[in-house]
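The same chain A turns up in both complexes below, where it pairs with chain B and then with chain C.
Here is the complex of A and B:
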């Protein structure tokens, strides 16, 4: 496909070619000016955002790293001890438990949610319409319930006497909320995590599917592909960059899980440790011990784990490549 | 031929009911907690335990619950709702204006610093809030902004996830051929962005609007740290304070004298969710507003 065909204005192209053979100085100057503007344009587009990125992202992160290098003592004052916080945090006896909890949680939550997100989005997109729109809303709403209200909601969901899921809980032989939580903490948290997080991603993948070029999909149907084949061989590969984005974001979110265990711990006291997850341990350092150096060290260690996985995904999927000639 | 059509049709019906069945099972999983929450708001403290989980109380209980919620600090709840709308509304506008051009430029221009910006944005996206909030607190303190709306709005307006959404959308759904064609036609880079990219990016702008709204509306830890006067609280921080000082969540905790129990907590949750639903319905309209392939054929 040439540019003129796409533009649908043949004279522009032929005109340009004819003139290029006999260049005029005025035209050359205009072309040069336009090239310069094209070189400068991206900087203008990113500048305002870059300002916020530095001010509210990079600067505080660097400062956080800086605090992690100092220890704060009521007697000795603030001292520069680059390895103390990091060493104490990484050898904290609670970290091993938290890390194991989080690993179990991520292993249960992440794969099942990824499959569910793409399954639901692709099935919804097979027949867009009012029903699909209503379903997207239904899937989204649990994620919008946060904070104390979420604690109340999920406590009731796991209490067999009052839960709408009581037949299911009876089936599992669960007698009360405490029992439900103590025996199956990672499973219940993973189910909560899916209910809370899947809806947003379903929206995003659906929006991506809705923006796919219609002619490609129509061509596949005309070629005799079933809706299953269209979904798996045409639609999914076209939105694969979203899969990479979801993998990066959900892995980071999973390793930083905080809301679900905190919420459940509020509802069912004594069954879930206040340092169940790694991120909770970081908050514990900051809020219970007032030790911000340690909190920063552990948070940044979590960031590093997420970053390693993210860069691996980015490298494997060529996520940052600029595509030339998509069509 | 006729036979073939029939089997094909039968397969389609079977596939259709399978599809609807799958979606309905998922709807039960996601929807049942919400249905329960709505019903809980119609019940009384006693009937929430004694009646069937999916039975309905009376609508009068909702009105009663609302006036019970307003007994807390002379209806402070209403002020929190306005604060939340103000903080979230301002940060959404800034976040959208910042992230759409940035995501587009990162996707469609090759420029020095592009990869660095992408990686730094990635770090901003996945960095734990705990690592940022305390330094932000000190930063706002140094700027003398602590306790002001700006101390909440500005950090919330930095929403790197929106940049990535726009970046992925532009790389996936915005053909280069289209942009080149417009350049050949003599469009300036600004005209390209405003007249071609923006109209074609409506679905993702709707998504960015929606997600940055939810991000700001549900934010808890940042306003919790930045704001100390309870009149400036947003709804999330306010509700946490309200519910923890009553016996709605913790039976041991606080002022049992206030008539705020589980039904009121359920109602408070619904009040907190309602604007998200409105934003959803608003963003929904943009979802299918674009068709790049049609534009390409011009």
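Here is the complex of A and C:
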């Protein structure tokens, strides 16, 4: 029941086959033309996205794949060696460290952020009013500072000399930024990631909650459900698939983390390796070793991981089942 | 399978799509201020594209004034490690946009630029007069030289000296140590009698360059462009690690990075009793960042290691100029790089110790009267300049050398295990780093 309601009704024109045929042959041509236009409409809407996807997503990936097949050798010059780069990249001594760093970061960041997003969105929705509206804005504010700016900001936050949180850092025994960052980089990046990304998702989940049918929620209350029960048993299951959406959208961003550790490293020289994350390692191959083949291979490997996880999440959560059910 | 067709195909495809890839990487196809017409040889006018950091820009302006016939297009580049390699890498990919001359703030980059796949640095042996080459401080061009071929001209050198606070040393009744054994013993006394004062710093390239390199621990001993010697079981490594063990435990040697604000605070509170560090620390760190009181700092020769009587220096920093092998005006480019490194008037005004001997004398004379120092530091700097250990070469894994040192040796500073264990881990990871940058590693 709820699924159709969440999805809303399909656009009227998309199901042309279901419409009754016009009886007069004179009007048939016009009807056919209109039908053709309607059939084409979705493609026109999708076209800008598709063009960008091909130009800036698929084409570079294909070129990256092509590049990854060649090696530059001191003696032999450019050589077609389809597996060499892949083999060297996957056995690189830095990859295990980078992968562990990124895995720790994603493991700290994603679950805690998911819990936070849903907790705050459900609380905001349970007590609507001016206060909740103000808080929605407050939660969104940190998200306005992203990427490199956020990394700089956090560099100040963890430097006891200048941080507004220096009493807290004192309490933790942190005497300088080097101590704060070395060993805690995943934690700092996770905190930064939550601050940057949570606000936007809270708004989206809140909007989804606001679109829930009131009659269902009222029925639950009339049946004697407490606020907690309404939140956990009724509202959460109806918006839970947003968790999958958040996972898919942020997992790739998490595994491809680049800007934050790069900027953070400039403040504490020598404390964060320039190959801290996998994406940084790929960048390092291209820019510091001049080896675009290896860089392409590693970037594609990252892309594959992102794709596999996205597909896994989509199929495990039956993410698209509503659409399939309606078509 | 190597085919010329394959190579050309790859080249072509790269040229066509190179911009797209580069654009995705850095949101820009052309390197900043790149000369777009290196190949277009304008009749008459000689135009050079040069990339220098902000410290070098007044020098370039002066060259422009003195050489109105040369059209210099100067781009100021950041001094971030890796920046030059990134830009050259993109220019190589686009096969366009190389500078004619570039200043390296991290001179180790020349090891990458001289070798494939960069193949950027022009061999200078035939282009620079022997007389000029011989005028550089002894050993200062060894980093630029691979298999007897010169690939860069040194701007300044970062030989280490033993900086100390003369006023504090007198007040505490300490003598400046002449051997590392004395230095270690003094560290124990300082920790007991004046806790909170420091006699050294271990972090990063500063610590590794001072202790392990002056001791001759072979972690970057360049044999040629593709061979390097790494052996952390060498006695040179063991004695440095053993010296540091008690000093790290008692806190007289700090593990903070000298560029950390917390380290600057130690300086501002006047708690740096001694600091073995590069010659440029006087101007850049003690004067500017640590705000040491005037008339207190002085430089002493490096302590000697057991069984030796030469006070070997380590090395930290010191820039170099590289000429592009793609330059259409090779002679003008070499002339520019030579002027920047050897012009006595220009070099004597630089903040760092000039690599060209005659310029160094003039530089020293200009600083002899500086009231900031308790005594003129130049004679010591000059003495130490040719004494940089020859095991300290310029390698393609210099960045990892620094990072891995922090991740292993500095990270182990607080642990009760002997430091040499961490040094050996540093060595084995350096071997991996060297092999992944196309070196054959010998012991």
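Keep in mind that, in the parts below, the second predicted complex is superposed on the first by the 253 of 327 C-alpha atoms of A that agree within 3 Å, B and C clash if a C-alpha of one lies under 4 Å from a C-alpha of the other, contacts with A are read in each partner's own complex, and residues count from 1 in each chain.
Here is the rule we use: a residue touches a chain if its C-beta (ideal position, glycine included) is under 8 Å from a C-beta of that chain, and two chains touch if they have at least 3 such contacts.
Keep in mind it's a predicted model, so treat the numbers as computed, not measured.
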Between chain B and chain C, more residues of chain A are touched by B
Margin query: So in the superposed three-chain picture, is A:182 touching just chain B, just chain C, both, or none of them (first/second/both/neither)?
Written below: second
So in the superposed three-chain picture, is A:234 touching just chain B, just chain C, both, or none of them (first/second/both/neither)? neither
Open item on the list: One more residue to check, A:166. First (chain B), second (chain C), both or neither?
Closed with: first
Is A:266 in contact with chain B, with chain C, with both, or with neither (first, second, both, neither)? both
Discussion item. In the overlaid three-chain picture, which partner chain does A:72 touch, first (chain B) or second (chain C), both, or neither?
Written reply: second
Is A:286 touching the first partner chain B, the second partner chain C, both, or neither of them? both
May I ask you to decide whether A:225 touches chain B, chain C, both, or neither, giving the answer as first, second, both or neither?
neither
Touch test for A:247: chain B only (first), chain C only (second), both, or neither?
neither
Residues on chain A touched by both chain B and chain C 56, 59-60, 63-64, 67, 161-162, 266, 269, 283, 286, 292
Within the complex, chain A is touched by chain B residues 15-16, 19-20, 22-23, 26-27, 29-37, 40, 48-49, 53-54, 97-99, 101-102, 104-111, 114-115, 117-128, 130-132, 134-136, 138-139, 154-155, 157-158, 160-161, 163-165, 168-169, 171-178, 180-185, 188-190, 193, 203-204, 206-207, 210-211, 214, 218, 220, 236, 239-240, 243-244, 248-250, 262, 265-266, 268-269, 272-273, 276-277, 280-281, 284, 287-288, 290-294, 296-298
Residue set of chain C touching chain A in the complex reads 1-3, 6-7, 10-11, 13-14, 17, 20-21, 24-25, 80-82, 85-86, 88-90, 92-93, 112, 115-118, 203-205, 226, 256-257, 259-263, 265, 396, 399-400, 402-407, 411, 429, 432-433, 436-438
Per the touch rule above, chain A residues touching chain B in the complex are 1, 3-4, 6-9, 12-13, 16, 34, 37-39, 41-43, 45-46, 48-50, 52-53, 55-61, 63-64, 67, 116, 119-120, 123-124, 126-128, 131, 133, 135-142, 144-154, 156-157, 161-166, 195, 198-200, 203-204, 206-208, 210-216, 227, 238-239, 241-242, 245, 248-249, 252, 256, 266-267, 269, 279, 282-283, 286, 292, 295-296, 299-300, 302-303, 306-307, 310-311, 314, 320, 322-327
Seen from chain A, its contact residues with chain C in the complex are 56, 59-60, 63-64, 66-67, 70, 72-74, 76-81, 92-94, 159-162, 175-178, 182-183, 266, 268-271, 273-274, 283, 286-292
